[in-house]
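Labels A, B and C are assigned to the chains in the order they are written; within every chain, residues are numbered from 1.
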């Protein structure tokens, strides 16, 4: 354990892992309750479109990716709010559209292309000091806002229409949540990679839900599952020299599997 | 004093006129049953009263204010119980949590839920006879129990008016009458105004002070015994309805129309 | 509740076993103290070239495993710790290893020198085939080492590789001055081998009857330029860039009119587009491997890799019948 901490990249991996598990653990609570499980995958492809746009326009792609993700997240929220379409359908539409948009831009720019996915490459073992600052800043912002509006976000996840009738500003809060979510996703993609973010936004709460029938228990359990997967995964990947991100995701899946078994053998 | 005043209300959705020149008034402490066929505009009327839909013409005043202002400036004035209690049967909250939610708007942003709020919620559950189920996960309650919890939620803000949209559609037949009795008791003990929308023309009207028939137009606005005349109902439903009368209580016997309306 | 008592301890035991498993320490390379200098290369051909020059004086590791694509590549802690201990990182540049840039930034190894193979080389860019609108420099934020973006497959031209050998030689000498003579000798003899390879390919390709080819992605333009062949069509010009219907039509008509008998696919990418075109034209799909890897038979060194590819090309283009 001490040896593990002697490497700077492992220290940063642990630090970023803890922050991301905390933030994603709490967001995953809402993601699962709102049935937004594909939001991570959907928005990561929006980020792809954003990066392509940045390259096409000659603008720093990180900023276009963030702008693009936030815009798409708001659109997904708006479509759900205005239309008869559920969020998962809206995500499905934009998922494909953004991918196509990115590929179209690549096709339009007649130049030997850099690997856009390579640009989005993030890995928990490749965290720079700047990355760590960025994820800490975004993570704390999201945690504070989520804590401040927790009761309203809970009500909106339960029944958005009723929340509005009960004088809770449901629509603005819904948009706020989508913006927070897209910020976390786009920053985490750059820091730890697409696969890990998508997993940490879903699996912890999915496991937490198996273990508990009340949110007061589900929320801490979700965060705990996220932390356990991340720290345990990093540790195992170090001991057995395995790719760290995949180890974390598979450990989280294993924990979910156990939670599922537990829930279904208990009855 | 009039709790609700609707004048010349017209609602058009997707090019179709759903509500055509509706006029309606409700006195404080009175209960009103709005009955009519599915697709007759009942839910649209409810949503318009709640400010969720904008009318083309006409106005709605709740305690003298438009719906949006009531919801924004006087949280909790209107209580609402929807047709379906909620969307996710496994949502991890207890009945008590759900009741407290009704007060979130009144508690306000950035303020935590206090012990007093939870005690209040418990006493509301007691009012609807659900105190024993306070800590049960909401999804583990029966349809009737869930709707009682939803009523408790709407009561926590001490509303002046309660709006219910087909509240008994998920409640088994045996419990429906108990449910209507509860509403009548609440009406008298809290001097609550109640609007209940239903296609149940058998039971609902007998528990209400007034009945209105709605099928695009609001056909009638009077005492239950007057309304239950089959010619009036025929006009509202647009189909033949026959009744057997046991005293003043009508029972619908022609069942085959139900499938047609759904 | 019984399950709570069973599953949780089971899980704890599982974790504990995993953690205290006796063989668990095996991989960490820094455990064995050695005087060898450590070199990491981004892809296998560069690793092999470096190994040929460095011989026994250096440990050469490769980041991208055989068959992996940079899209999905995930390093292990062992690889990253190698990078944090390495004195030299050998990369292609030209925009191929954006992911590696980040990794190198993250390990914060101040002593790490980078050898960028593409530096100073006349890169082929997509622009050449299209209109000459002027290209903006885009490398500003990615570090300054790897020069312009362009087609990165420079190692498939042995003449360019001779220059790369020299770059690696100089870097090794600088990193490990005590081994100067050793490196210079080995570099010299390896350059001769590469020159022989070059001659051999030149001789063989000169006999090719069909001088045009179609490949899946744009891996072979340097090879084609060197040996007067023509990369007549590329199915997917850049990673993730789908061919347009007109491009497919163009490729199909090129294949038909020039008598091309094979469409080249690559083991690192899906061959389905190549198969579709092959089916439309009656050509075969053959696999060229631009990367190779340790343990891949016939492709386990740079020189063997090139011979392997030459042989496949010969089958497809060597004679009319």
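Following the convention adopted for this analysis, a residue touches a chain if its C-beta (ideal position, glycine included) is under 8 Å from a C-beta of that chain, and two chains touch if they have at least 3 such contacts.
Keep in mind that this is a model prediction, so the values were computed, not measured.
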* Line, ring, star, complete or other: which one describes how these chains touch? -> line
* Structure fact -> Greatest centre-to-centre gap (Cα means) from chain A is with chain B
* Could you name the chain whose CA centroid falls nearest to the centroid of all protein CA atoms? -> A
* Structure fact -> Dominant interface by pair count is A-C
* Centre distance in Å when chain A and chain B are each reduced to the mean of their C-alpha atoms -> 40
* Roughly how far is chain B from chain C, going centre to centre by Cα mean, in whole Å? -> 69
* chain A to chain C: how many Å between their CA centres? -> 32
* Considering the complex alone, what residue numbers of chain A touch chain B? -> 33, 35, 148-149, 151-152, 154-155, 157-159, 161-169, 209, 212-215, 217-218
* Structure fact -> chain B residues touching chain A in their complex are 50, 52, 71-72, 75-76, 78, 80, 82, 86-88, 90-94, 97-98, 101-107, 109-110, 112-113, 137, 157
* Quick one: in the complex, what on chain C touches chain A? -> 1, 3-4, 7, 11, 15, 18-19, 21, 24-25, 27-28, 70-71, 74-78, 80-81, 84, 95-99, 102-103, 105-108, 124-127, 129-131, 133, 135-136, 138, 141, 149-151, 218, 237-242, 244
* Can you list the residues on chain A that touch chain C in the complex? -> 3, 7-10, 12, 55, 58, 60, 102-103, 106-107, 110-119, 121-123, 125-129, 131, 193, 232, 234-246, 255, 258, 261-262, 265-266
